[in-house]
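Take a look at these structures.
Look at the two complexes coming up: chain A is in both, with chain B in one and chain C in the other.
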Partner chain A sequence: MSSYRVFRASKASYIAAAFGLIALIFLAAAPWWAGRADMRLLSEIFLYLALASLWNLMAGYAGLVSVGQQAYVGFGGYMLFAMTMFGGLSPLVAIPFAGLLGALISIPVAMLIFRLRGAYFAIGTWVIAEVFRLSFAQVSALGGGSGSSLPAKIVTSMADGREAREALSYWLALGIAVVVIAAIYRFLRSRNGLALTAIRDNELAAGSLGIDIWWMKFVVYVVSAALTAMVGALIFLQKIRISPDAAFSVNDWTAFVIFIVVIGGIGTIEGPIIGTLVFFLLRETLADLGTIYLIILGLVAIVVMLKAPQGIWGVLRSKFDLQLFPLTYRVQTTSSNKGGEQ
Partner chain B sequence: MDWLNAIVQGMLLGGLYALFAAGLSLIFGVMRLVNIAHGDFIVLAAFLGLATTTALGVHPFVAALFVIPAMAVIGYALQRGVLNQTLGDDLLPPLLVTFGLSVIIQNALLEVYSADPQKLNAGPLEVTSIPVGGLSVGLLPLLTFGVAVMVIGGLQWMFYHTALGRAFRAVSDNQDIAQLMGLNRRHIFGLAMALALAVTALAGILLGVRTSFDPASGGARLIFGFEAVIIGGLGNLWGTLAGGIILGVAQNIGAQINPGWQLLAGHIAFLVILAVRPTGLFPRMSG
Partner chain C sequence: MPKILRIAGINKAFGAVIVADNVAFDLEEGTALGVVGPNGAGKTSLFNLITGTLRVDSGEIYFLGSEITKLSAAKRCRQGVARSFQVPQPFVGLTVFENAMIAATHSAGLSGQQAEERCLEVIAQTGLMSKVNVQAGKLTLLDRKRLELTRALCTNPELLLLDEIAGGLTDAECTSLIQTIKDIHATGVSIIWIEHVVHALLAVVDRLIVIDFGRLIADGDPKTIMESREVQEIYLGIDIDA
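On to the complex of A and B.
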């Protein structure tokens, strides 16, 4: 008589979890060991990691390929500025509110652009981002087309002294990256996550099993918009200056993010993490090349898409059957004559 | 009178938008490919026009005789070399590859020409205008509109009255059966992209004569073309012309109310049409 057991975690995932925890403690302690420039770079890495993970949730799992996520990055940034400058809110309170407003505005947007399919959906999201950019450029209270800076008294109100402020802003960036990845991980392990994975693998089959595809996609879109707006608020809290062109830049907030996800491996949690590391490694080594660097980045993304569409992590996973964030179930049969372990 | 003028100028501007859209519509119709780099190809054509006019000292319209075949060759090579590998059921590969192309073209142009705005000089043609019933209509916008009507009429005729058009429609309907009938779809797709970029070349030259352009101005051109396609309805070339006209008129009316609202008014017109008629005004096929 053979029995079997179903499990998710593997030795690799336990080791990864242990290393991840150590790395997290080490990174959380950065204000005590890292210089200011390093902390700025790390913050930027965390914020890109959060954006890439969210884009991956949309494109890699829900099939929502957006080239307009800059709409929510910029919206979150502008909401932070508006609420702190005119609402008198502390930036720490304004960040979650920016997320909430991002979710609210994404609802009518989703209802409108979900009418477009596939690649036309993608360009539709870009139109929305343009509408946001042009609209905020009309708001003279926020500096119109030339933008505005966060008043010094708001910046200094965050914490006492420059070092404490920089540490706080660093922890916020680390925090949002951890929150985003943990939320995606929890979500994908849940019942709804299974439904979403089914949609990713075969939309028609998922629909015939009773999954409400429109609703699942809608939820993913709204939640991603909310979290992206919070990331946007943090990005512009660090920059202290906002303008329509910077806030709604398709290159900065969407093109780079897409390249990160594609190079790292779309449709996996690990992919955006690896992609972010590769992206910053390339950027720090090739930044002196200026525009040539961007051409190389575009070429790398095209080659990866054509030759290894699963990205770096996809190649590693298929070679070594690895999964650092255990999402899938595995079945192991244990036949009775091999001893009664279970 | 200002309003009538805004509407007439907007209609003529719509011809240029229809030219932006025609190439996009053609390749979507034949191979269901949406080219994110389409706007950057328009700008690339304008820069090629600039290179030709400065090198040979010729008029931009003469330069078009060089730029159109050059873009067609680029289109064929690109389709056979790269884009054919991305076609299939999965939406992501063509989208991401053309997105990568967009970044490459933009930065290559930036490297060669810097971010300074450039313009093609068409001489006295740019300022010549014809009085029409109290309005003064520019010769150049009128010419652009005429070219757009001829291009769309030509494409329409090609689609329904030539062997090439029949091949395009065949691979559009069913690639596998077309292949069985002896058509090489890879070659047909290459020809479709060559034709699309030839139209794009014309659009780029006319854009460059009309306004200044820089390496970053491709994104907006893609969006205008896309909006014209969706407003007009997928797969309908004359609808695309109507879509371009609606977009151009909306922009000019917006600008008439407040100069800052020009682009916003165009986008809002698009979103309103998307809300009330999601399939566009004159749809021929489903997306």
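On to the complex of A and C.
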């Protein structure tokens, strides 16, 4: 007689969790050990990590390949500026509100573009982002096509003194990255996360087993839009200046993000983390080369896509059967009576 | 006895090809109904129409007295209509257990330990326990068919539609499959089973319908129907007059 038990975590995942926690504490303490430039770089890394994780949730799990997430980055940024400049809100309050508004605006957008499939969906998202860019360029109160800067008194109202302000802004960036990854992890471990993977594998079977495919994708799209808008608000809170071209840049907020996810490993939580590290490593070492840097990025992307379409993490995972964020179920036999067969 | 399923004159055509031509029949609760007919007769299309994978052009479908004609496949499944696909449709990146969990958590509405226990119970019943942690994409065809049955059962169905799950099995495997289906039927689940392996079908079903060119051409006692002239002619392709 044997009985079975279902496990989800593994030894590797416990070790990873412990290391992750230590790294998090270390990073949270950065204002006491890192210089100003390092903190700015780390903040940027965290914000890109959040964007990449969200894009990966959409494309890698829900099959929503968007090339228009800059719509929500820019929208979030503009909402932060509008709410602080005209609504008199503190930036800290404006950030979650930017997320909420991002969710609201994404609902009609989803209704529209969910009618499109595959490549048409991707193009549709880009068109929507362009509509956002052109629309915000019309708003003269926000500086129209040339953009505007966040008034100094709003910036100084965040915290007393420059150092405190920079620490706060750093923690916000670290915080959003942690929130985004934790939320994605929780979601993917839930029954709905399993359903998302099922939809990715086989829509016909998913529908026939009781999964509401449209609704699942819709929820993922709206939640991603909300969080992307919050990241956008943080990005432009750090830049202090916004313009339509910067806010809705397809290069900065989507192309680099896709690069990160593809080389890291699409469809895994670990992939965007590794991809972000690789991307910044390349950028910090090669950025002085100018155009050649971009050519190298392109080459790296092509080589990874040809040689390891599952990305760096995909290769590591299949070689070592690793999973740092345990999403799977493992059934193990446990003998329930001594001396029993099997 | 109440009707678990009522098909009221449904029609479906793809251009000039008619796959359901005014098909109508009732199913008593607890019945095991067999479906036979030549290839391309519209048997699988009938399943697609009942489960909502395809929509009818006209006609109505009732499940346990309420109309389901316009419901999505997902909603019909949650109400208790489960199916296996003739061509297995596994979630290739998920393990056998995870495939089962999808059905248990989304259709049967189970959660946590209840869902896990239900899945293990069904996996043991369908003989996939030795592959429980294997990714579905790495399963053999036979095991993929078993997985189809496993998932359908994990939805806790009231009506189970089986689409050619006995094809390609050895005699021993077929015998064990027949027993499994009998066991399921014994728990009160109504079954509609499309099958070309006639002896397996006749071992289980207590009613048989014959479909040809989208039309229901015979309905009644399995043995009588299989021996009838129409079936001999149309289904088996024997021309009795020759």
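Definition applied: the second predicted complex is superposed on the first by the 331 of 342 C-alpha atoms of A that agree within 3 Å, B and C clash if a C-alpha of one lies under 4 Å from a C-alpha of the other, contacts with A are read in each partner's own complex, and residues count from 1 in each chain.
We take it that a contact is a pair of C-beta atoms (placed from the backbone, for glycine too) under 8 Å apart; a residue touches a chain by one contact, two chains touch by 3 or more.
Given the structure is predicted, the values throughout are model-derived calculations rather than measurements.
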Contacts of A:Ala287 with chain B and chain C, given as first, second, both or neither: neither
Partner chain(s) touched by A:Ala206 [first = chain B, second = chain C, both, neither]: second
First, second, both or neither for A:Ala152, with chain B first and chain C second: neither
Greater residue coverage of chain A in the superposed arrangement, chain B or chain C: B
Partner chain(s) touched by A:Met305 [first = chain B, second = chain C, both, neither]: first
Touched partner set for A:Tyr4, first chain B, second chain C, both or neither: second
Touching partner for A:Ala198 - first (chain B), second (chain C), both, neither: second
Interface residues of chain A shared between complexes with chain B and chain C: none
Interface residues, chain A side, partner chain C - complex: 4, 6, 191, 194-195, 197-198, 200-202, 204-213, 328-331
Complex contact set, residues of chain A against chain B: 59, 63, 65, 67, 112-113, 115-120, 122-124, 126-127, 130-131, 134-135, 137-138, 250-251, 255, 258-259, 262, 266, 290-292, 294-295, 297-299, 301-302, 305-306, 309
Contact set on chain B toward chain A in their complex: 33-34, 36, 82, 85-86, 90-97, 99-104, 106-108, 110-111, 219-220, 222-223, 226-227, 230, 260-261, 263-264, 267-268, 270-271, 274-275, 278, 287
Chain C to chain A touching residues, read off their complex: 51, 53, 72-75, 77-78, 82-83, 85, 89-95, 97-99, 101-103, 105-107, 111, 115-116, 120, 129, 132-133, 151, 155
